[in-house]
Amino acid sequence: MVLVDRKCKIIHHSQVGPEVYVLGIDAVDVAKHALPGQFVMIGVRGKSAFDPLLRRPFSIAWTDHVKGMIFIFYRVVGRGTRLLSEYMPGTGLELLGPLGRGFSLEVSGRRILVGGGLGIAPIIFLYKWIKASGASATCILGARTGDELLGALKASDISLEDVIITTEDGSLGKKGLVTGPLAKCLDHIGGDATIQACGPAPMLKAVSNLSNHKVRLLEVSLESYMACGIGLCLGCAHKKRGDSEEYVHICKDGPVFDARDVVL
Amino acid sequence: MVLVDRKCKIIHHSQVGPEVYVLGIDAVDVAKHALPGQFVMIGVRGKSAFDPLLRRPFSIAWTDHVKGMIFIFYRVVGRGTRLLSEYMPGTGLELLGPLGRGFSLEVSGRRILVGGGLGIAPIIFLYKWIKASGASATCILGARTGDELLGALKASDISLEDVIITTEDGSLGKKGLVTGPLAKCLDHIGGDATIQACGPAPMLKAVSNLSNHKVRLLEVSLESYMACGIGLCLGCAHKKRGDSEEYVHICKDGPVFDARDVVL
Amino acid sequence: MGEIRELSDINLEVSLGPIRLKNPVMLASGTCGYGRELTPHLDLNSIGAVVVKGISLEPRPGNPPPRIFETPCGLLNAIGLENVGVKAFLTEKLPWLKDQGISTVVNILGNSVEEYKRLCSILSEESQSILAIEINVSCPNVKAGGVAFGRTPEGTYEVVRHVVEVTEIPIIVKLSPNVTDITSIAQAAQDAGAHAISLINTILAMAIDIEKKRPLLGNTFGGLSGPAIKPIALRMVWEAHRAVDIPVIGIGGISTWKDAVEFLMAGASAIQIGTATLVEPGSAKKILDGLTRFMRQKGYREVEALWID
Amino acid sequence: MGEIRELSDINLEVSLGPIRLKNPVMLASGTCGYGRELTPHLDLNSIGAVVVKGISLEPRPGNPPPRIFETPCGLLNAIGLENVGVKAFLTEKLPWLKDQGISTVVNILGNSVEEYKRLCSILSEESQSILAIEINVSCPNVKAGGVAFGRTPEGTYEVVRHVVEVTEIPIIVKLSPNVTDITSIAQAAQDAGAHAISLINTILAMAIDIEKKRPLLGNTFGGLSGPAIKPIALRMVWEAHRAVDIPVIGIGGISTWKDAVEFLMAGASAIQIGTATLVEPGSAKKILDGLTRFMRQKGYREVEALWID
């Protein structure tokens, strides 16, 4: 297991949509060992400041083995991501990763990937991985507006033709939510399919409701506040499915879970 | 009284010596109204961070009325100045100023200015002011090494010939402390001279000891930790001379004081 | 929640018992001088009230420097309650506040119950110009061997019971956070007849100068304020509000309008801005504006509608 | 002061009563798991000791999420003392620590004196592999209506007196900072026979989600840690050291070697690193290295030479 904790340089940093950025970081060993669904913890504070205190978790959106880089997509939502958006290429960021357990890579039967919002990041990584291995998958990506998706797809070199796109305002692809195309897909398949999904909680719940009993496996990537990202603090608890009061820890047991194991 | 509190842009930022920087800020109204010896409080933290919490006080080193800019010299000594040193031109900094009571501008008789370390900043402003008004003054500037002074003098457009320079290592000007040339000066003058000085506490004390009874007026610019810079917190207390336990407040009553009024 | 229904008829006025404020944003004692120093930066008539620097019977020189030091997201201070004394306050400071029509709360401190009583009697002569008296009970109680009145329910009760007897001016009791159980102190203040309580004062703390190998502040100990203490202050406000019926004024690390909303939701009826004013003198106005916008957008018609039950 | 006289013969070993540490840097409970999770980042044999996550008699699931939230320079947590229980600890966690030869301190918690006693008895079976037991007295005392043992001298005394009777393993009492007077609590621990005290545990605090209008943490209240609380913790360590004769372990917001030096100068004999490890898992080593360098440069030959008298 390779696990890096060091300062890594920003090589590429650009805005790809409203408040959405792509960040390319020089981290050859992370690039080499990262698996789809894994994440990194990134320090966002200035060199000699203590605030914001915690590192922020971001999914790896893809890696570039040749350049030895990893890429993440992020949206500016609060203090940390705002600070992050201001760093220039050349700046060093504290990087810890790759972390967590990613998506199942070998699956039998048909495969459907679903990503919503910034949840497209690990789905893009997974999709690229599958394609590179010569396999195939249906990939459904959703966003509120086309703006949010276009730049991200371009940056990650994914052709609009290869994926199914939905936008809430209909400005790109089909108007509506990812569950629309997903429902259609599910009508046409047998029970031996796998769905692998990442996105906001309501989306994951909807995907789970839709696919109930219709697929062999639904894997979902979850989020929670994290302090350490490596199993030290037990802060990232998420309720297990079942009657007993038990928790999984997203950073260590996940972030990707079999949907049957966790409450959505 | 003009008093600005707003975000102002960095126009110029460069290193002029070991850990010493010159910063040029776009602040036309401050430039217009600032007087030698006054200072500004500058916010050093990132946009959405709370740390470092307090603004930092810096003397105005000179102003440029045409460009509407003020300049400061600073040395990287801790967290705040380190952060400051990383900001690029174009960045906005919270600026509050001009603040405090500066040096006496009209003085009769001979005039000697003494600046040591980064205490050269307000002395340079004062020197430029005097020259611009057609008057004259002897200006003694000291530093540990020539490196520390050369860049600063160049940046502020002061000719090496016009001032007396001392360095502790002898790499520029006379080897030794500012008190060397000052003592010589004092030997040749009557009692109607004024000394105006800024520098580390031991230097001010030495200057005061030397000039005791020999000059009409010794003005010193003092430093202390400051929270507000405008008289709200009473944090910047400095002991008054005399037996009673009384304090002046450096930000409001100073930073420039008649040396007879304060304990050095 | 997410919906936006702009309201033009929101009411920002609050009543703290007999104390009426045009809005819930006040300036905390010791961080706004005697008001005047702030005028280039803030229209003092636009905010709820100004709590002036703590006043004692006699002028006090304050502590030897260093008096302040920055800590992570915090400010450590040991000003030592430097102030001009009540006489000079009444002749030199209050008239200006009165002329400007500024809602003025006078913060007071003493080393004995007697001192608090005398201060209140003296201030009563100007009861027309004083909106309320805020009792700082974090000061050393000379009789009790230097332990602050505010660190025991008994000490708090003792001071408050006596001052309410000698003045008609409404009394706010400012609580010390350096206690095991803030609720018992809050109750003591209420039982003794306080009209409102405000909390928190600074938290006892220190810093060490490792080069000089000695405490950094001239006074060894200081009080911690600023964003660092906000989560602690918020918890105490939440607890105190649930323990008493009198209004609670929330103080401690409020730097943004969001912080102000948190304190009001915790059960405060008003808030005070302290360290934020030192860092940015116009903070109070920004906070008031942000709070107003938030209440409009979310459809909160009055301040106490923000309370979490 | 300024002079530099590199020493090669400095002694970093410290004795906390019967507890010997190769150096004064320990990892704080709840921030280093059961040790193993940290091994990719830190050589656990290079530091003084590892204090494992608090252990109770039975496994505990912990609190509902959210359990953690960032505050200015601080971390708010309400993990709810999730742990595997003492049985699983002894069979699944301790053997690894023992195999590696890691100096292990076991942090324990209970809701009654009886629980603390039973825990200590059970741990005594492994007294060879346990350097010390650290008693977390910040837990609710079921008998005293939920008020933590550690918030009164009596409660503290009660727990400690009983546990020292049932075990030969040295006892460290970890003090709660949520008290009026830390010195009386420290003295109670000493009087009851504690071998050392450690402080501070987290400070009771909270945050509110203003969009949802409810407390942010699943548990309403949480404990504040991190750089924000350092000045408070330092003050309490200073006070406690001056109140007792037993060794003091300093905890609270230590993030840099300079912070560590401050605590040691305040009178701590050792320190624990908590939140800093969460932010940067290798922190303890950096702090130890910085401390060592500082002691060399300044000519401090042993840790307690740093104390300010």
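Chains here go by letter, A, B, C and D, matching the order in which they are written, and residues are numbered from 1 within each.
Keep in mind that, in the parts below, a residue touches a chain if its C-beta (ideal position, glycine included) is under 8 Å from a C-beta of that chain, and two chains touch if they have at least 3 such contacts.
Note that the structure is a prediction, hence the values are computed from the model and not measured.
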Chains contacting each of chain B and chain D, listed by label: A, C
Count of contact steps on the shortest path from chain C to chain D: 1
Most distant chain from chain D by Cα centroid: B
Distance from chain B to chain A - Cα centre to Cα centre, in angstrom: 53
Chain B and chain C: spacing of chain centres that average the CA atoms, whole Å: 36
Euclidean distance of C-alpha centroids - chain A vs chain C, Å: 46
Where chain A touches two or more other chains, by residue: 50-52
Numbers and ranges of chain D residues touching at least 2 other chains: 72-74, 226-227
Arrangement of touching chains [line / ring / star / complete / other]: complete
Partner chain D, residues of chain C touching it in the complex: 1, 71-74, 76, 151-152, 178-181, 203-208, 210-215, 221-222, 224, 226-232, 234-235, 238, 253, 255, 258, 261-262, 265-266, 294, 306, 308
Interfacial residue positions of chain B with respect to chain C in the complex: 1, 3, 5, 43, 50-55, 94, 96, 224-228, 230-239, 244-247, 252
Contact set on chain B toward chain A in their complex: 45-52, 78-79, 82-83, 86, 88
Residue numbers on chain D that touch chain A, as the complex places them: 30-33, 37-38, 40-41, 53, 61-70, 72-75, 77, 79, 82, 226-227, 255, 275, 277-282
Chain A-facing residues of chain C, complex: 72-73, 227
